[in-house]
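Shown below is the structure under consideration.
By written order: A, B, C, D, E and F. Residues from 1 in each chain.
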Amino acid sequence: MRGFEAFEKTQRLIVVAAHPDDLETICGGAICKLTHQGVKVFSVNCTLGDIGTQDAATIRPALASTRLAETEEAARILGIERTYNLGHHDGELLPDLELRAQIARLYRLTQADTLVTFDPFWAGQIHPDHRAAGQAALDAYMPSKMPLYRPEQINETGAGLGCIERVFLFSTSREPDIYFEVTEVYETKLAACMAHRSQFPTGEESLEWMKERDEQAGSVIEVKYAELFKEMAVW
Amino acid sequence: MRGFEAFEKTQRLIVVAAHPDDLETICGGAICKLTHQGVKVFSVNCTLGDIGTQDAATIRPALASTRLAETEEAARILGIERTYNLGHHDGELLPDLELRAQIARLYRLTQADTLVTFDPFWAGQIHPDHRAAGQAALDAYMPSKMPLYRPEQINETGAGLGCIERVFLFSTSREPDIYFEVTEVYETKLAACMAHRSQFPTGEESLEWMKERDEQAGSVIEVKYAELFKEMAVW
Amino acid sequence: MRGFEAFEKTQRLIVVAAHPDDLETICGGAICKLTHQGVKVFSVNCTLGDIGTQDAATIRPALASTRLAETEEAARILGIERTYNLGHHDGELLPDLELRAQIARLYRLTQADTLVTFDPFWAGQIHPDHRAAGQAALDAYMPSKMPLYRPEQINETGAGLGCIERVFLFSTSREPDIYFEVTEVYETKLAACMAHRSQFPTGEESLEWMKERDEQAGSVIEVKYAELFKEMAVW
Amino acid sequence: MRGFEAFEKTQRLIVVAAHPDDLETICGGAICKLTHQGVKVFSVNCTLGDIGTQDAATIRPALASTRLAETEEAARILGIERTYNLGHHDGELLPDLELRAQIARLYRLTQADTLVTFDPFWAGQIHPDHRAAGQAALDAYMPSKMPLYRPEQINETGAGLGCIERVFLFSTSREPDIYFEVTEVYETKLAACMAHRSQFPTGEESLEWMKERDEQAGSVIEVKYAELFKEMAVW
Amino acid sequence: MRGFEAFEKTQRLIVVAAHPDDLETICGGAICKLTHQGVKVFSVNCTLGDIGTQDAATIRPALASTRLAETEEAARILGIERTYNLGHHDGELLPDLELRAQIARLYRLTQADTLVTFDPFWAGQIHPDHRAAGQAALDAYMPSKMPLYRPEQINETGAGLGCIERVFLFSTSREPDIYFEVTEVYETKLAACMAHRSQFPTGEESLEWMKERDEQAGSVIEVKYAELFKEMAVW
Amino acid sequence: MRGFEAFEKTQRLIVVAAHPDDLETICGGAICKLTHQGVKVFSVNCTLGDIGTQDAATIRPALASTRLAETEEAARILGIERTYNLGHHDGELLPDLELRAQIARLYRLTQADTLVTFDPFWAGQIHPDHRAAGQAALDAYMPSKMPLYRPEQINETGAGLGCIERVFLFSTSREPDIYFEVTEVYETKLAACMAHRSQFPTGEESLEWMKERDEQAGSVIEVKYAELFKEMAVW
């Protein structure tokens, strides 16, 4: 069982999530600690999160705009280098060739060495967007390293072949092997989550479920708060 | 390990299957007992079952018509409130956005509180339609509850937001946690199955495999016949 | 735990792989022994393997042509009856209805009784083409047996209904139940692999990883080299 | 301006229409005269015609079955060699690669030398299925002649390379250059149309619009009834 | 040659356009005069207009939100009953089955008797979205009248079968047959156009091209300003 | 009626064709004269031309490789700056969003000011690939100029916003307005065509049809050989 040291070789990390606030609530603490250590972190949200409300009168592009701004604010709090939104519609993300290519492009552009994403094989995952994001993120790993796959991506300023070496999954039923303590940055994690005001309008109170989950993970390694990951072997 | 009581809060139940006769042979007994208790049951078949014959001279739409009529007859026997057929072709069902939307619409229209469907993650599932039906049924769960997802569906007479609270899977390799005794309604289950005359032309004899399977399940809880389900946690 | 005898009823075997060289490196030994026993073996590669190089100056169709020729040479070495290439692009294979139909056609045309393919459910599979090939191969199993599915395929000279009876998976996390010793044909396996000169330009040296893997499998049954399979129950 | 003689070299003719009854009402007279002359005629309907009713209670596959039977009856009346239905849904036909391949297959299987179809370029065509059928029929012309296009089609019993040499369009705004007198077979044309009882339940009365149209065409060449075609140059 | 009287039977009119501001600049005058006469007008924009800027720093959903608001303001100025936006992305509209169904739904929901849209057959149309919008609008006409086409649409509150009787095209090379004088409402047309501030930031000055075009049309019938339409015969 | 001078402002010209040899046979003379004048010409073939043979034993990727080499040779003869092949399959080109984006990327990368392509509206065009290539080329014109359309394309080295100002169509039924004399470069045109040895194995003899066509065009302006274009107004 490992903790923080699982990421010790990581210098450039990319998180592929489905919706604005996935990164923050699932692994905002780990990301925060890593950016403090000098790791460059890139955040990718595949969808706009544009059905993320119970208010039927909401205009979808307006919600999308709000959530893009919230994502920027949370990124500033966590020290994230840059955020990307792939523009797909919430609730209808598909792990198709277009999404694969969009993600491969970001592996090549960010030159990330580490990927963090949803486990697409978790049989308890009820949200189709989570599965789609994780699947496409894994599917893009191999082609991104091949120069004949979408070669125009490599012509972009700053881009190179994909160079991810490590993959960590979250939201998984696989036995986690990484318990990452986040106690000391938990206030920052909460602040980043609360930057998503459209989702957590009542502030910390709307995040009790998250605190409980993170406490439960922490209790395994006898700390207050932890976040869980499973490393996936890649070749 | 639970039995009948797993469904005690269920008032409106929707079964999403792939082919006419899936519901009847897999969980016809449970459905029958539930309708006797006053549960309103809605049956959805994603495909027409229109390659379900070894007779190469069959006209596909004619077979589809026959099977739609057989489905209605079986539904009367089991006390099912209403049947829906989504019109896709047998052997070619895909868990795409269109199927997801069709199923979400029925969650909203029937106002079902409980979903019963195939486990799409069963690694032993060789029938692609079974996997597709189960996948789409799970994928529709979350979006059906969001008012900005396909909002026109909510305008239909009688429709509202999706309100499924419980999900039960069948045809799964996950450890079943519900053994539902169906001994006392087994004659009715058999009658409903035999209503599918195009599939079981020699009557009860063509259903020996089903009886064996249901007896084996029954033997675990020391009754004559049982049907198995696994509850999937949803949030 | 079984070995060679798992294939004792096999007379016509079809391997559905993703890229030229998958069959050779994964199960080239078993195939070789089976063809020596008189089994007719048909090899299907779903993709052209046309991004299989690190040389960015390569022309993709030229690489594809080279690899088709390498495949023919390897097939001659292993005694394979016939090879098929489905023409899809490397790194972008999808388990869609078109691929399913292409594979079902070959089940019908070859009249294979046994299928060998990738396990599409392996959660550790990082190559999307491997998953897609295995998924489509399983998805084609059932429809290929139904006369109303793509009936024109049955009109082709030599074709009949699909008649696969046994399915064996490779590249799987499921507990393997077949350890197939290949020690005595290992030189032939190596020769077949090295026929793929575009992939293994330095010859045997570039195949050390394969030898290690096959030795590790062999050690379980105390032989020098073995290949692993898991039988999947079908109905 | 030509008449019957435009077809003088025709020995095997294929009509690609969208719905059951298109052929009969548009060119049933010409077809009848040609079959009387010994021309082998093959009829292709791309859709099942399964929304062809104003009765909302109709079951679509049942309507499809009825119309398939009506098509057979009409074909017998007109002396058509064989009918094909491509199984697409009425009102949703698309000129995609699948439809193109289905039609190319029939060019190859029937060995037709002459094609008759809708003009897809008619800017007054309000029915999308008519445009789609004509477009796909023209799009299939060229590939059907190339051996590397869908080569498995050529393996079917009786098939060969496509060999269409002449293309005639109907429902066109282009100046018709063929006025085909059909007076002497008009009773047969009417009988074939009326075989489509689901469409023309009141018999001849429901076909007044057709008689008017055919009379108007006839008046140009001073006969009672005529049907119009425009030859399209092909290479 | 007709004018205003071409619309004399119109009571409920639907305009299917591609982008916010299409309706206003092309036929805003005619729409204004018709709403003054008591005609209920429904405006449909297929896309969000979300690439409609030369400023590369713009966030697409933010631009979409702005343009939705501008559309509402323009609608108020012109007296339009209700606006709909189908949410597709600017520059990438396709006349596919989904768009067809979305438009058919609005024919059924608005119970419009008259359709106004782009001529999809104009060979001089360089904007693909304009062609797609017009094509889908025509393609939806016929199916919207058939009860078995997407029957759930008819269940929505207020909906019925499609009942369009008249179709008028704009942006066409066909000889216009309707010159609709708009001189007396031209100030209102200009105001509606200028409500699209994101497009015409310099106000009337940015609309000189429109005034020139409308003056040219007017000059044919010797008035100051006119808008042009071509009626398309439908059945 | 214009000639050479229609291109007088052209400095960078892009030709979008469907198959290797389209450019050469249709407008190879004009291209040659323009490159002699210093115009930079970029050639785009959308398909590989990989069914372009009557020899059923041909391997498609091998034919594709051959034709890519032939294209390079012809380009050298004509003085073309650079050739691009978009890799689609011959006989199955679709004017979809992917093709549109591929072409828009080349408008941006080449910074062409002039586009030459097939007229997609020609009602006599029997080859679906020709129509698709022309359609996609026109469809890409407008989006390529908008910075929010596929913005990653603009990040490539050397790329900028699309800047095409002039569009010329060939293979059209529209009245040509440009007769471009090519007499003095006809030998070079022939040489470029004959570089496509796989298509014209008997040399000049296999190009008689082309010479006849070009002579006929020439006769209108009383020269030996001419090529025809129609300018399409764009905005």
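Operating definition for what follows: a residue touches a chain if its C-beta (ideal position, glycine included) is under 8 Å from a C-beta of that chain, and two chains touch if they have at least 3 such contacts.
Bear in mind the structure is a predicted one, so any value in this text is a computation, not a measurement.
Identification of common neighbours of chain C and chain F yields A, D.
Hopping across touching chains, the smallest step count from chain B to chain F is 2.
Looking at chain B and chain C, the chains that touch each of them are A, D. Overlaying chain E onto chain F using CA atoms gives a rotation of 120 degrees, to the nearest 5.
Two copies of one chain, chain D and chain F, touch each other, and the residues they use overlap weakly: the shared fraction of interface numbers falls below half. Per-chain Cα centroids separate chain C from chain E by 56 Å.
Put simply, the C-alpha centre of chain D and that of chain E have 36 angstrom between them.
Chain contacts: chain E has residues 50, 60, 121 touching two or more partner chains.
If you check each pair of chains against the touch rule, the ones that pass are A-B, A-C, A-E, A-F, B-C, B-D, B-E, C-D, C-F, D-E, D-F, E-F. By the touch criterion stated above, chain A contacts chain E in their complex at residues 48, 50, 59-62, 64-65, 68, 87.
Residues of chain A touching chain F in their complex: 105, 152-153, 155-157.
Residues 50-56, 58, 60, 63, 90-92, 94, 121, 123-124, 126-128 of chain F touch chain D in their complex.
Touching chain F in their complex are the following residues of chain D: 96-97, 100, 119, 121, 138-139, 141-143, 146-149, 151, 154, 167, 174, 232-235.
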